[in-house]
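Sharing a structure, written as structure tokens. Questions coming.
Chain IDs A, B, C, D, E and F follow the sequence of writing; residue 1 opens each chain.
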Amino acid sequence: MTPRHRRRLMFVALILLGVGVAAALTLNAFRGNMVFFYGPSQLATVEKAHERNLRLGGLVEQGSVKREDDGLTVHFMVTDNVKSVPVIYKGILPDLFREGQGVVAQGRLNNEGVFMADEVLAKHDENYMPPEVAEALKQAGGNTPQFSTTVMEGGLNK
Amino acid sequence: MSGATGVWGALGTLIRRDLLLALRRRAQVLNPLVFFVIVVTLFPLGLGPAPNLLQKLAPGVLWVAALLSAMLSLEAMFHSDFEDGSLEQLLLVPQPVFIIVLAKALTHWLLSGLPLLLLAPILALWLHLPNEAILVLLITLALGTPVLSLIGAIGVALTVGLRRGGVLLSLLVLPLYIPVLIMGAGAVDSAAAGLSVGEHLSILGALLAFAVTLAPWAAGAALRISVE
Amino acid sequence: MGTSVRQSPREYNPLVAADEDQPALTAENLACERGDRLLFSGLNISLDAGNLMLVEGPNGSGKTSLLRILCGLAQPSAGVVRWRGEEIGKARERYCAELMYLGHNHGVKGDFTPYENLQIARDLAGAQSAVTLDDALYDVGLAGFEDAPARTLSAGQRRRVALARLLVTQARLWVMDEPFTALDTDGVMLVEKMLERHLAQGGMALVSTHHEVRVTEVNIIRLELR
Amino acid sequence: MWLWIHKFGSPKYFYSVSGKLLPWVAGATVLLIVMGLYLGLVTSPADYQQRETVRIMYIHVPSAWNSMFIYLLMAVAAAIGLIWNIKLADIVAAVSAPIGASFTFITLVTGSLWGKPMWGTWWEWDARLTSELILLFLYLGYIALQSAFEDRRLAARASAVLAIVGAVNVPIIYYSVQWWNTLHQPQSLGVGMSTIHLSMLWPLLIMALGFKLLYVVILLMRTRAEVLERERNNAWVQELAQALAGRDFFRSGNEYR
Amino acid sequence: MSGATGVWGALGTLIRRDLLLALRRRAQVLNPLVFFVIVVTLFPLGLGPAPNLLQKLAPGVLWVAALLSAMLSLEAMFHSDFEDGSLEQLLLVPQPVFIIVLAKALTHWLLSGLPLLLLAPILALWLHLPNEAILVLLITLALGTPVLSLIGAIGVALTVGLRRGGVLLSLLVLPLYIPVLIMGAGAVDSAAAGLSVGEHLSILGALLAFAVTLAPWAAGAALRISVE
Amino acid sequence: MGTSVRQSPREYNPLVAADEDQPALTAENLACERGDRLLFSGLNISLDAGNLMLVEGPNGSGKTSLLRILCGLAQPSAGVVRWRGEEIGKARERYCAELMYLGHNHGVKGDFTPYENLQIARDLAGAQSAVTLDDALYDVGLAGFEDAPARTLSAGQRRRVALARLLVTQARLWVMDEPFTALDTDGVMLVEKMLERHLAQGGMALVSTHHEVRVTEVNIIRLELR
């Protein structure tokens, strides 16, 4: 092997090494989960949560939505089926907001452990179907589709 | 076959050359550092000095400042060498072209990234960042700033032949910088919240490994094209 | 137009690289377009040890463009350049190890002293000559200016620093674009002496100039552009 | 393969072949898009959650796919141009950029319009949205770099480097919804899987095909124009021009006489 | 005695020249503007996009960005003219030197201050700044950015002969910029809080009057010295 | 050393300004130090209409420094320069209205076309000649290049743009630092022709050069530095 060949081989080896390391680290990162929002269980681990602006994500607990008389202020619970966090929000809700729906709330935790939201976003799943089909499915399986899916995966698996 | 000094010898000579050159223009050495400090200090001035507001801003402000100061010192990487004909001489050195780029990126990092790393803790304290976040800040800067220099080298190499393509450079380089910014600031933010930062750091590490292996080749190719 | 090229091997052959019989630098059928103008086309060049090729022509005729193409700094719109039989794009490092280029822009760093400028050029060059840096500076008439930043030198003195680079390295091929610019009569004689010595030692040179080059005992090939 | 690249890479050959192809592709495009729009906007059902708003999907998703596809195609063409010095590939890359940027822009706009009623916000800095925005920046950077060089050959080679480097962003856009928990919904369509009901899937696929062909049509048209512009000094273009001029002259002569 | 064109004619020619030059380097025209936008967009990326936090930051971020973008485009004011010998030619024009400086400062403002003024409302909306504050932001920018250009001209004139005195320039110019920043951001802040802004605006006006009358002379003198 | 200076008035006298009998440009007892070196001292100069002063000397002898001092671009360490009897520092604008300087760095903007370069130079100059811009470009051999950005011109062509500036303005005094740089033989003749015509019309010129200047019917004063 001439020195020139040896050098070329060395460069190729170095490149493979670099790309390999990059790939390994990337995969490692995706085994964990980087958060766009915190789930209710995760929220408990956040230090000084009441001093910070946070995003809270999860499902709106069935039967937890209560509207105040002003018609604008809404109380509800966000759950990941392990823990639940009470949320208060005053403002206009997105069309998709309803019980059992995925939401992402932006705001901060107050000292009583209530999440004061400045903004509530709806997160929906990847299922698209006509209403009749959804009804039929519900009838058959008892589950509305969005409960069965990955919609809150990030928030739930921690 | 290739010069008596070999690849590593040439790399060493080039780095020594650029450092010496920077030393001669002392102003230039301090440039990115002073800029970093200026940006960070302007905020308390522009916003009023409420500590809890500052603390909340700190990760973002520090990382935005680091990114801007890296970006602004990029242009000098090849500019003077291009103007006085030295770049042609460098391109005729009997070594692979990526050596030149690697040396330039390294020097850029030594002059813009490293000093930032040393100064960041002080500025972070000043912005009331909690201690554990400061450590993470340093790690993210250590991983992230070399990426800025390496990716930046591609951008400058592409634009060196164009007259002062300042914006063009920003436009090319910035989209590639955004992931570093998001991961860097995100990690510090998570650390300040007491959350795990492993994933952020992994991604920064991956970006670094990727940039180290590929950026010099891309930049070398770009350089040969744009000097023509 | 220069002499034309003899048969040259299509494939890379390691033996050819060392074959000193064959012209060292050859170019076949070169063409160059800048903007929309065709500067030259169908140009064949071959340059051998001991030969000086003078590239002549009026302003804007393409001398600089040609020299840059021959150095591999620019790409021709057609044609190939070979060094010892290999295409220079493929054998870039081997070619550069034997090449020194002195352009309009001579690449002397104003913030370095002449001594430092030379030192770096020598350290980066392929092969280094036995001449010490101080001797080289003395030879080009810069004794006493070794330690002043090159930026404080006069135009001619800066040019001389660039010339000294040729002395401290051992390139076989010198490519010089108007080397007499900014030099006084002494300086012009210096360049001519340097060329004579270099060619006598089996080097070769490609020089573009508007002046008469008064060298003796040298085989001069003239290449007239347009 | 190699021969084919070179043959098709010859501008003249391309010009004649693409000229014959163009009307057919254009016809198919119009057909598919009209059909897709009719199916999507009129006959397909509303969604069980999103109601009528879902119809934005028939524009949003095809243009999102195009935005990524065109970038990849552009990077590949640029690489081919860089490595094998094929002019036509350079032209295809250069001409694709503005088209891709337009589709990216449409994706961003339709996404925002859709996001307001569905999510309750025009814009969030989540991974999918941010990486798509970066894609737009990359396109714009490519276009800017391309136009900054005066010499076309240099422009093509320099911007090729950028296009190749920027290609890493495409997988990030695509997988962002899997890698991170984004506000944007996860994948609905994958290889052999779909969570979209057939009644909505068909219009979507037809629109997607229509958009792909739309890209091909614009690409062919702009490439042909660019080929003429760049080869204007070549004999075949001048002959063509003369032929056209002759025809025009003939026609106008008829009208006036 | 002095040239056929007279002082105003020369001023016009110079401004036309510089604008045309800027037009030729389109990149450069957009430079300050793009930089401004970039700095402003980096913040939501680095800080996370909480609307109420952004709103609090908006006056500071906008003014800091304006100041930085003015400062960074300063260096180009004389740089290329110095490098190619045009500056010597300008100094030999049979007109008072302050004309040259005035033309340069004006062009700088037209290219860096004015576009900012036009773009600021959009960015301000983006950062959720309330409407009445946006009007005040515009007034402060209109009063403040010319001051930045004029004071900046002195700084560049002093450093033009030095190789790339980037930091030096920042160090010279920045202390003089800070009052503008404080008054500018302060006014917007007060407006957002519904307070009166008269005092802030008066001071900005005074700074402008001062700069217009004195800066061209100082910069002219500095220029003649530093070109030697 | 050049000729020495006759008595000249200490005070500004408006009549003197128009007094064509007295040498237009005079310098008394000039000295220049650069770094630690004394380049020249006690230099007296006087230059009159129709005269050409050639500043000669080896590289680094101070030619450029002297020319810049005489233009008012640099300050001498001792001595004064007068234009029509007034110190040039005091009569700056009047002096500049009659002066054109062509330095090593010729001040041609690469982003402007030759035409625009000329247009601006003319608009800013004190007095404008009757020659149109197109004619001037034709005269210096740039016909056909009027509208290409100057940056795409060859070294010699850019230099010619700078020369054309002298044609479109009507300065009495031309100060030229190595005007033959980068020019081909045609270009050199062009400069010589321009000088002859200028001097014949009562202009004067200060030229530093390493070359022989072949002008006829011109009164040449030689100033040898070191």
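By definition in this document, a residue touches a chain if its C-beta (ideal position, glycine included) is under 8 Å from a C-beta of that chain, and two chains touch if they have at least 3 such contacts.
Keep in mind it's a predicted model, so treat the numbers as computed, not measured.
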Interface residue identity across copies chain C, chain F - same or different by half: same
Chain whose mean Cα position lies farthest from chain A: F
Centre-to-centre distance between chain F and chain A (centres being mean Cα positions), rounded to whole Å: 75
Averaged-CA centre spacing for the pair chain D and chain B, given as whole angstrom: 34
Centre-to-centre distance between chain F and chain C (centres being mean Cα positions), rounded to whole Å: 34
Separation of mean Cα positions, chain F and chain B [Å, integer]: 47
Chain C: positions in contact with at least two other chains: 35, 75, 104, 110-111
Where chain B touches two or more other chains at once, by residue number: 1, 25, 56, 80, 83, 162-163, 165, 168, 171, 174, 178, 182, 210, 214, 228
Shared-contact residues (touching 2 or more other chains) in chain D: 124, 130, 144, 148, 150
Touch list for chain B against partner chain C, complex: 1-5, 9-10, 13-14, 17, 20-21, 24-25, 80, 83-96, 227-228
Residues of chain C defined as touching chain B within the complex: 68, 71-75, 93-97, 99-101, 103-112, 116, 120-121, 123-128, 149
Residues of chain C defined as touching chain F within the complex: 34-35, 57-64, 104, 141, 145, 148, 152-157, 159-160, 178, 181-188, 210
Residues of chain D that touch chain B when the two form their complex: 130, 134, 137-138, 140-141, 144-145, 148-149, 154, 157-158, 161-162, 164-166, 168-169
Partner chain B, residues of chain A touching it in the complex: 3-4, 7, 14-15, 17-19, 21-26, 28-30, 32-35, 42, 45-49, 51-53
